[in-house]
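A, B and C label the chains in the order they appear, each numbered from 1.
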């Protein structure tokens, strides 16, 4: 007496294979849904906005009239914002990562800092806006300046940069540290001359991706009161300014249909900026493929 | 160097037995713990200058730990505790006022796996002099050439000094690492299984190089390869379970070991 | 050094002598002492940020509660902050609005995200994976303002053409788009969890004659369950905190009912609505955004802690 009837197994196998194929199709479909959505989104916004895209659009200030509305103040403002966010967030992020990876002892304080960083990454961006509003705009009286917005955004992307920098530092083989210490180098010399140079491609790639998140963030800017209708360019970090996503938000929320086209054109500009940043990140990543 | 000169060097060292009395490293009652694990037990060793001292033993016997204690690299592992003394040129390396950086500037190290920095060959060699404050380009050029010649790799890389050190073969990389150690003209070179990751031909080149370097440096080499110890060293220490079982002239150890365990090990009965 | 002379190098002090003479030894020692302190201060910025967020929210929320009784806020079912007669600050309509959008987003994202993860980890060839994963990354990198614009100007009109009862501002369209936004998160984190199930376990089941679908359902999915659940919880947390999509497409009508087709308001979109208006500093409405922000913060924190608890507590050992 056998427990398994091979004939029955073969008969059932057909059904099981059909179920397998069916679900494979469903899972493939699930994968394609997001790709399809991305394609529709890009196509739709591309066709909507391309007609409004022109040199004038890039070179005009905001306007009540959709046909005259331009993105100059927002584009330049976003660049100003990045000029504050990039150094601030990279110095803080890389410094924190070096501390955690190279200096921190395995104690409660370190564990607390680590947990804190991962929790901070989960705080909604609008809450960072409230922090910026209270601390930078009001308590430190920076107003709705480039500096206030830049500091807020830096804190927002700080966890991303710390984690990216930690991973790149951790990827450096211990043998390189040994080699440096073995030559009589001090810890800081080893960090500056061996570890950081080897980790820089990874740090840069991660930082650029984090910055591309900052350049597209809207909610914190709204909360700290960044205006949209601006007819001048900032001349310093204490000036008020506007940014690409703010401008797009303003155009999108206007009732006139014509402004939707302007908003789509603005989105194209924003996406091109993001594409450029991501391309740079990809080039860095490929150029400095790990050698050890 | 040719085999003839190796033989000559060996003979020379035997003749030196009496006159060569200068200790470079004198270890007294060294004990070392990794946390609870007692890794080195009451080590006493007197290592002489301008000799090649080999340290052999099965894996886990403490030979690598010992050589890393000589330049205090072992302290990079957290929870390491030591007792006893190691006198390097008559000064205890564990003294509070003896900085590890100073010690490691005098004592170079070559590691198991070739570990050049992901920089140019030139920058690899110039690393040591630079971190110790030598910035003059002319002097650096000179040091780089001299060190590469000293490691017998100058002719192979002189036209590609600006290339990344990872663009050359593993055996060449290891000689770059030796050249890097030579660049600060150390007094002692510690070698921790320097050929374990290399092919036989590269291994032979490194062995020849060790013979040549011995004229100017004291060399302490850990090896898992007994033939290698027999070929290149003047003295050999046999480690087992964190203890020194036997320490003698290499010839004596391999032809006429006084301890049964040494005999078992070198005849391949374990390890 | 003998061979230096031998090989014809001109004489100079030995390297060791030059090192001994070189300056900066003292500086080195000072640097080694100071640097860890500076780096520790830098690393504590992230801790200070968290403390800043918590303290800011608590202090301003307490001010809010001196004007509006905490019981009204926690148990009230009417949110009418802009009323001229008597402003009402019962948080529940905003929570309900948030949950409506989150519910739809979860319904959209969980099956699609997990389905895509199963496809990528169990069926897809290396080539497919190499193409799909970066595309998912792109999807995750698109700014939410772009999603919001798309929800308002494309998804809503398309939905309206099928279901005419749907209003221009509603919970469904932003819900769907928030769902699409969190798909990459679920897909990639779940895929990581499933890929880390060792190959030999899978091969064991395949060798018994299981189909790939059976392996996925009976072996991989159960083994990776904690990671998958954690990814879903994290994604839901992200959906709760999502701001721009709902600000543009969900409207600004706080209400308690179960209607998904008309205008609603979420916690996040209320904060935006007040921020872009001109509620003056020091008014009750100004402080209300902190109370709402605090509520939102508690919701997302609970989800994040839950996610890390699930992934730690139920981690499989292989």
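As a convention for this text, a contact is a pair of C-beta atoms (placed from the backbone, for glycine too) under 8 Å apart; a residue touches a chain by one contact, two chains touch by 3 or more.
Since the model is a prediction, treat every value here as computed from it, not as a measurement.
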{"item": "Touching both subunit A and subunit C (chains)", "value": "B"}
{"item": "Which of B-C and A-B has more C-beta contact pairs", "value": "A-B"}
{"item": "Innermost chain, taking as reference the mean of every protein Cα atom displayed", "value": "A"}
{"item": "Subunit A and subunit C: spacing of chain centres that average the CA atoms, whole Å", "value": "12"}
{"item": "Centroid distance [mean C-alpha coordinates] between subunit B and subunit A, Å", "value": "48"}
{"item": "Euclidean distance of C-alpha centroids - subunit B vs subunit C, Å", "value": "52"}
{"item": "Residue numbers of subunit B (touch at least two other chains)", "value": "101, 105, 132, 184"}
{"item": "Set of subunit A residues in contact with two or more other chains", "value": "186, 189"}
{"item": "Residues of subunit C whose C-beta touches two or more other chains", "value": "28"}
{"item": "Residues of subunit B touching subunit C in the complex", "value": "101, 105-106, 129, 132-134, 139, 142-143, 146, 149-150, 183-187, 215-216"}
{"item": "Contact set on subunit A toward subunit C in their complex", "value": "9, 13, 16-17, 19-20, 23-24, 26-31, 33-35, 37-38, 40-41, 44-45, 48, 91-92, 95-96, 98-100, 103-104, 112-113, 116-120, 122-131, 133-135, 138, 155, 158-159, 162, 186-189, 209, 212-213, 215-219, 222-225, 245, 248-249, 252-253, 260, 263-264, 267, 270-271, 274, 278"}
{"item": "Subunit A partner contacts - residues on subunit C that touch it in the complex", "value": "28, 31-32, 35-36, 38-40, 42-47, 49-50, 52-53, 56-57, 60, 111-116, 118-120, 122-124, 132, 135-136, 138-139, 141-150, 152-154, 180, 183-184, 187, 209, 211-214, 216, 234, 237-238, 240-244, 247-248, 268, 271-272, 275-276, 281, 289-290, 293, 296-297, 300-301, 303-305, 308"}
{"item": "Residue numbers on subunit C that touch subunit B, as the complex places them", "value": "1-4, 7, 9, 12, 14-16, 18-19, 22-24, 28"}
{"item": "Contacting residues of subunit A [partner subunit B, same complex]", "value": "106, 173, 175-186, 189, 193-194, 197-198, 291-292"}
